[in-house]
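You will see two complexes here that share subunit A, one where it goes with subunit B and one where it goes with subunit C.
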Partner chain A sequence: MQSYVSIENLSKSFGFFTAVDDVSIGIGKGEFFSLLGPSGCGKSTLLRMIAGFEAPTAGIVRLDGADVTAVPAHRRATNMMFQSYALFPHLSVGKNIAFGLQQDRLARGEIRQRVCEVAEKLQLSALLDRKPQQLSGGQRQRVALARALVKRPKVLLLDEPLGALDKNLRTETQYELVRLQRELGLTFIIVTHDQHEAMTVSSRIAIMRQGKVLQVGSPAEVYETPVSRYVAKFLGEANVFEGVAARRSGNELTIESAEAGGSVFAAATDNVSTSGRFWVSVRPERVELNKQGSGLEGVVEQFSYAGSGRHYRVRLKSGAMLDALRINLGSQDDLSVGDTVFASWMPRAARLLAE
Partner chain B sequence: MQSKPNLGRRALVLVPYVWLAIFFLTPFLLVLAISLSSVRVGMPPYEPLYAWQGSLLSIRLNLENFIFVLGENTYLFAYLTSLKVAAISTALMLAIAYPLAYGIANCSPHSRSFLVFLVIVPFWSSMLIRVYAWMSILRNDGLLNSLLLHVGVISEPLRIMNTETAIYIGIVYTYLPFMVLPIYANLSAGDRTLIEAARDLGCSRMAAFWRVTFPLSLRGVAAGCALVFIPVIGEFVVPDLLGGADTQMIGRTIWIEFFNNRDWPVASAVTVLLLVILVIPIVLFQTRLSRTPT
Partner chain C sequence: MPQPSWFNRLSIFAGLAFLYLPIVVLVVYSFNASRLVTVWGGFSTEWYAAAINNQSIVEGAKISFLVAATSATFATALGSLAAIVAVRIRRFRGHHIFNGMLVAPMVMPEVVMGVSMLLMFVTLGIDRGPVTITLAHATFTMCFAAVVMQSRLAELDPSLEEAARDLGCPPFLAFVKVAVPNMLPAFVSAWLLSFTLSLDDLVLSSFTTGPGASTLPMKIYSQIKFGVTPEVNAISTIILGVVVFGLVASRIVSRPSAKSTVAV
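Here is the complex of A and B:
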């Protein structure tokens, strides 16, 4: 399949600092694609190169098949929603939304019609005469979105679009964005440092670190099959133990781990060699804690009640820490701090990692 | 106990009012009083406004000075000339200061502070000395003419000294920093992502400037215009030293009335009317500013 947005070997250096390092990503039409990473990982610079605000040091940006690397921002069929919203303070909400259409010299009637349309879709119809500084944070966010959407861009770029909203409004707006994106059938590329947000909204996620893309995949793919310890720990929580030797029997691996202080299980894979260094990763919610039985022995050192689940930190005999999460199904809690427990998991719950 | 901090706060608010009352209102009331008096030979050179006749207080207010000033074309022309000179030099300064401020605001932070420093440097020497320097530059045998004659651009010296051109040069030179600084302050505080947003929505650099940067800088422009227009109307030193006899501005008129004619009441009446003329644009600026959003 031909990519709608195609980033080919893109790099950007500022002096000696390489912000984006030889990145290649293909994004399909109608995708909700996330660039996820900690601050300073180059995700915003990558987005700004797609928008045309930064000229790449090397590489090509293609949009709908055409090479747009040399096309300036104001001639690209992309629109950006800025983290600070960047609403024009001297213009009313209506004029902010109409700004781009006026610049394209559309007929007055058409401008009015399109502004009204998008205002209705985003519940801004009653606010068109207000000035941006008279709006709440959520309303400003919607104006910024409307101003970009009204131009009907091929690709909408969103730079930390929900960063300034409080948590409840944020969750609601995430669903709203997804609904809007499906309804309009547009391609969205969003930059975020919030892994939960990326998981909630995206069809696919690119995880970035130090200018490089570590992994691209659907939320389930990157969560279930992380390629490295870094990805496993960045997306949610993970218990990672270094292995020493592995024995394979069918689809299961039994791994000796000095770090964990015993043998642990993992699903067999051909992708990771067990002759060199390798690691086992298991998510806290897949760890079972029992007062008797087999598994890694340890003592519950900390407990926190997180509402939807109970979080235990177990000090293993080897000295390593193990996190376990029990989903709160309303049952009685039979573990308390100081209890001796045995931690185990199904082989398919754990993954082998090469780096 | 609660009234104590309140009292302190009130006293603090009182400071600027007391200041204005002592250094602005009192002198103005004195001038207003003199303008309502009439000339006499002596010291002070005007009649007292009130006198005690036994137990009766008699106050004599003389409106003739105002009637005289309003009826004389000389004064009217002086007012109009001052307004014209102020308007034209304000426009000239805006044309020079805006690109200058824009350029400085777009420099790197390090060179910015150096360039702003250069704008302020002339204030470190006396204005009078700088105007005298201009005299030696603009004279018929001055630096400018010598240079142009030497290079061969002109064959006869240009007559700039004692003309209106010299007044404009002097005023624009003297007041330019007051126009540059507020515009610069406004432009450098501007949000750069707004320009990117405009570019993203289809504006060329030029269009983004006219649709976003310029309208948002109007507060700075208004402040700069007010800061130069109002003092230039009453400017005395530059037209007196660089200007000719044919450009009679109001500052010089007042000086002549006070010191040459020793007619303090008429001079005061001219001053009071000048203040009235000045109050109108100040009020206009103020209402404009309070209406535009920050």
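Here is the complex of A and C:
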């Protein structure tokens, strides 16, 4: 498939510091693509190179097939929504939105029509005469979005767009963004450090660390089949134990793990060699805790009630910690701190990791 | 808030009196009907009339205002450029030295500056007069203008200009369309501050002046050599009024909340 936005071997160094290190990603038309990573992983620098604010040290940015690496920001068919929103304080909301169209020297009538159109879509029609300082956080966020969208960019770039909103409004706005993106059929690239946000909005996620892309895939792919311990722990929570030896029987592996203090199970895979170092990863919600039976023996050390679920931290006999999550289905809780429990899981719930 | 003790009240009163009593006396005695400076002879504005009709004083005032306005304009322009370099480019070779030297004239002894400039003008063979005074004033008020501009520029979100560029504005135009309008209050504030500093300067003016070019403070200084007259009080009061107006206006304009209180 021909990528709409194509990033080829892109690098950016600031002095001795390499912010983006040989990154290649292809993004399809109409995708909602996330760049996810902790702060300082280079995701914002990558976005700024796509926008044209930073010149890459090496590599190529292609937009709709054309090499735009040398095209300055003001001539690129991308528009950006800034983390600080960057609304012009001396202009009204209407003039803020019209700013980009005026740069394109469109006719007054068309500018007015397009501003009204986008204002209506984003419920800003009543606020067009206000100054940005007179708006609430959520309203400012919508103005920033409107100002970028009114230009009908090939790609909309969003730099931590919801960071300044409180939690409820943020969730609401995430769904709103997805709806808008589908309606307009635009390509969105969003930068975020919030894994929950990335999973909620994106069609695909690129997980970044120290300037490199570790994995690219749909939210389900990245969550279910992480390539490394880092990805497994960054996207959601994971219990990871190092394996010593593995025995295969059919589709199942039985793994000896000194770290876990016994045998654990995982689904068989050909991707990971069990002759060198390898690890087993299992998500807390897939761990079953029973008072009797088989599995890894441990003692419940901590318990926290999180509404939708109950978190248990179990100290295994080996000394390692195991996190388990029981979804709250309304049943009575039969475990308390100090209880001896046996932890187990279905073989297909666990994954083998090579690094 | 806790009530201030009698000692606090007394301290404040004594402190303010120490600072402002001489000025209050000056203003009060400028309305004195008596010719004797220290004897109250009833209320009168005759010394204001005398001051305004004093050709020499009016001449000095004209030079002072012209010098102040011109040097303030230069100082604001140069100070803004320096501030842009200091805030926007930030990390260039020698930026510490640049920032230090930018504000050094603030604490430099004025006599030293005066002597050095006099020497420079003499060496270059420039005739001393209003032009040299203006140049000297622009030099020393520039650092104040730069500081005012620097603090405003530092507050300005750098992504504003990026947003303008992103929306199709070339870089220089983005600066003109977005940064400049938001720096306008700082321009006014820097200009007014430079203006007032130049208006009441005596030392630098004395060093860099030439024959026939006496600013108002110089005229006043030479007058009191022959004794303080109520006329001098009146002129001083007028200058005081202009300076206070300038400072207050500069404060009001540069107040960041001044923008957000604009009505719908």
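List of remarks:
One rule holds in what follows: the second predicted complex is superposed on the first by the 355 of 355 C-alpha atoms of A that agree within 3 Å, B and C clash if a C-alpha of one lies under 4 Å from a C-alpha of the other, contacts with A are read in each partner's own complex, and residues count from 1 in each chain.
Note that a residue touches a chain if its C-beta (ideal position, glycine included) is under 8 Å from a C-beta of that chain, and two chains touch if they have at least 3 such contacts.
Just so it is clear, the model here is predicted, and its values are computed rather than measured.
Model built by superposing both complexes on subunit A: subunit B and subunit C clash. By the touch criterion defined above, A:89 lies against subunit B and subunit C together after alignment on the C-alpha atoms of chain A.
With both structures placed on the common chain, the touch criterion links A:70 to neither subunit B nor subunit C.
In the superposed pair of complexes, A:258 makes contact with neither subunit B nor subunit C.
Within the superposed three-chain model, A:79 lies in touch with subunit B and with subunit C [touch as defined at top].
By the touch criterion stated above, A:133 is placed in contact with subunit B and with subunit C alike.
Contacts of A:99 after superposition on the shared chain: both subunit B and subunit C are touched. One listed stretch of subunit B collides with subunit C once both complexes sit on chain A; from 55-63, 73-81 or 109-117, that stretch is 109-117. Counting contacts as defined above, subunit A residues 51, 53, 72-75, 78-80, 82, 84, 86-90, 99-100, 103-104, 131, 133, 147-148, 151 meet subunit B in one complex and subunit C in the other. Considering their complex, residues 51, 53, 72-75, 78-80, 82-84, 86-90, 99-100, 103-104, 129-131, 133-134, 147-148, 151 of subunit A touch subunit C.
Against subunit B, the residues of subunit A that register as touching in their complex are 51, 53, 72-75, 78-80, 82, 84, 86-90, 99-100, 103-104, 131, 133, 147-148, 151.
Interface residues of subunit C, counted against subunit A in their complex, comprise 157, 159-160, 162-171, 174, 178, 181-182, 259-260, 262, 264.
Residues 191, 193-194, 196-204, 207, 211-212, 215-216, 292-294 of subunit B are the ones touching subunit A in the complex.
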